[in-house]
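Written out below as structure tokens is the structure these notes cover.
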Amino acid sequence: MDWLGHFNYWVVIFLMMTGFYAVIARGNMVKIIIGLNIFQTSVFILFISAGKIIGASSPVLEKGVDLYSNPLPHVLILTAIVVGVATTAVGLALAVRVRENYGSIQDDQLTEEEDGEPHT
Amino acid sequence: MSILEWMPFSVLLPLLAAPVCALLPGRFLPWLLAMASVTASAVIMAFVLPEAVNEPMRYFFGDWPPPIGIEYRVDAVNAFIGLLIAVMGTVILPWGRISVNREVPQRQGLFYALFLLSFAGLMGITLTGDAFNVFVFLEISSLSTYVLVAQGRSRAAPLSAFRYLVMGTLGATFYLIGIGLIYIMTGTLNMVDLAERLPAVADSRAVQAAFAFIIVGIGLKLALFPLHRWLPGAYANAPSAVTVFLASTATKVAIYVLLRLVFTVFGIEFVRQMPFAEVFFVLGVIGILFASIWAIEQDNAKRLLAYSSVAQVGYMALAISFVSVAGISAGLVHMFNHALMKAALFMSVCTVIYQVGSPHISAFRGLGRQMPLTMLAFVLAGLSLIGVPLTVGFISKWLLIETAMADGNWFAVVVVLVGSLLAVMYIGKVAEAAWLRPAPEGREPVREAHPGLLVPMWILVAANFYFGIDTRLTVDVARRGAEMLMGGSP
Amino acid sequence: MKTNGILRVVTRFLIPLIMLFALYIQFHGEYSPGGGFQAGVIFAAAWILFALVFGLDEALAVVPAGAQKVLASIGVMLYATIGVLGVVLGGQFLEFTPLIPGSPQGAQQAGIVLVELGVGITVAAVVMLIYTLFADRLRVVADLTREEID
């Protein structure tokens, strides 16, 4: 196998596992969100590196260039980045609310089952 | 304009109404706009279904045909699920208005805007024919759902929403990885093109890994055992209207995405090579048994029904695991029927919470005499969940058992029967408290709920019996849909 | 940070440049890398820099929170209007060719520029709104409790 030729996939796998571990370690909520971000970033790199064609120009019409990189993965990932930003914003906002309700953002120390009773 | 040109507006109307809704002041106007657009969506889908059953309808956005543009491709399955979601939305919104006034007193414009986004996202997932577009709509509906769940009044609502967000985002990203891998292998995102090009590369590890990523990703959204951990908290702590809407639509759409990708995109040959049927059979069986037992252990009625939902997802997984037209149509029918019965059950439990203020089963004592209509609705919908003849639950269990027997799989038959017995126990737990126990001393007498809460609930209970007797819509359309799914491209 | 002279001078110098760059990204997005998402974020970054240096109150005096909410919706509505216009003029949703009859190229250009403008407005407003909501959280909580007491 061509190990170095696929180095972009090794980067992707490394980032993916790093982010995934940070998420499932269930510690601080902010760390979980950072983990989610790293996890998503690995997927962005997977898509974008797949769109690159070695020796090709950027996909803008120009005279004398006939080999273009694939622009579609960039467009897809732009959408995914926006989704990631929105997820981060919602996640952090929820972490703020959890802090206000419980006084802590240690996810593994909080329980959601103690009450189903409305408290306000 | 022809019905084809109206078809995408079943997604676009709620999507476009959402920003307007966010700016509307007060309580009535946002609700009215939400109601109008969801009803319009349901009407459009009602006209789309008869056309789509015969031949798939295709709509090209911006008049760019695929593979350049995104197309909506609606066949019997999409139209069936789309109609189900839109009708459930239309029934739930009038019911929800009263409970939302109590639970989300301020900034209701934003609440209904989020509701519309969530609804439009689910409709979009159902109608689109583009695998990446599914991801976008999945995130539109999921993000708005996280925020809706966090609006619950209990202290734990933001925590449940946060955990749902983490699991949901992981699921969506897993799905995205899978789509990325098959895009790298085939160079297209259109589902029909994918179905044509995937068989040529079916032996590659990348495609097999993509299949696994997609299954796990959708499994998280689906709350398939053992990926269901987010579901009970999210259902138990969300505002009542959101719980009812989620329970009757969100997991159904995830099942649809699973069926569409597994059977249309990857194709039946590929699925037979992978250990798909075995995994779904085992997870389905464990899900039915364990989730039902957990449901019996719960003291919170909302949480009890949430675990019951996990068990019902197990039935659908079991039905799909037969990988046959009969099995998939049983799964589709159960999906429709479960939406009807679970919505009715959650509505009656949430009505009790609205009147009494507590979701604990101890608070249900003596309610049979004080709120007879609500508790009778609970018992009737519960009988449907158990699978008593003349109800929709009987139809889906009958189809499932018939499929299992045709397959010679007696173990599955036993599991379905045991699951029904367990359902008798957890439904009985609430019904017994309501009808046989005396009301706790010192509690103010509880009055029957407002008619605005009772009428939608009883419409759903009536539907539980109507579709249990007249199965033309459900069984025939589901069978046609299953044939379209299994017959390669729709 | 209001009192730090260097920050004040550098910020005043930078903000117009950032905004200009955002507009460049916005309106050249159709031929070169760029577009509404990126431009919106850069534009909002200029405002957030202003808020960081001169304080949230000063920044909210320029773009009030209410205006941010309205702008966020208006951007989506602009996008939607252009999309629906394609249907009204006899095409498909988001089809730009009918916008200017007889000039398909001009119509595509006009359509994509307007749609991206809608995206840019919404993204800029939403990013500002996210910043405002987080930075202003303590005051919002105080207001909410006051409303409940009232």
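Per-chain numbering from 1; labels A, B and C assigned in written order.
The definition used in the following text is that a residue touches a chain if its C-beta (ideal position, glycine included) is under 8 Å from a C-beta of that chain, and two chains touch if they have at least 3 such contacts.
Every value quoted in this text rests on a predicted model; they were computed, and no experiment measured them.
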For this session: For this assembly, give the contact graph shape among line, ring, star, complete and other.
Result: complete
Seminar exercise, completed: More Cb-Cb contact pairs, comparing B-C against A-C, go to B-C
Seminar exercise, completed: Rounded to the nearest Å, the gap separating the Cα centres of chain A and chain B is 27
Exercise. How many Å are there between the centre of chain B and the centre of chain C, using C-alpha atoms for each centre?
Worked result: 35
For this session: With chain centres taken as the means of their Cα atoms, state the distance from chain A to chain C in Å.
Result: 23
Seminar exercise, completed: In chain A, the residues touching two or more other chains are none
Problem set entry | Residue ranges of chain C touching chain A (in the complex, touch as defined) | 31-33, 35, 37, 123, 130, 133-134, 137, 141
Problem set entry | chain C residues touching chain B - in the complex, by the definition given at the top | 69-70, 72-74, 76-77, 80, 83-84, 86-87, 91-97, 144, 147
For this session: Mind listing the chain B positions that touch chain C in their complex?
Result: 1, 5, 8, 12, 15-16, 18-20, 22-23, 59-63, 106
Problem set entry | Residues of chain B that touch chain A when the two form their complex | 103, 132, 135-136, 139, 143, 146-147, 150, 153-156, 158-163, 165-166, 169-170, 172-173, 176-177, 180, 183-184, 189, 233, 236-237, 300, 302-303, 357-360
For this session: Can you check the complex and tell me which residues of chain A touch chain C?
Result: 58, 60, 78, 81-82, 89, 92-93, 96, 100
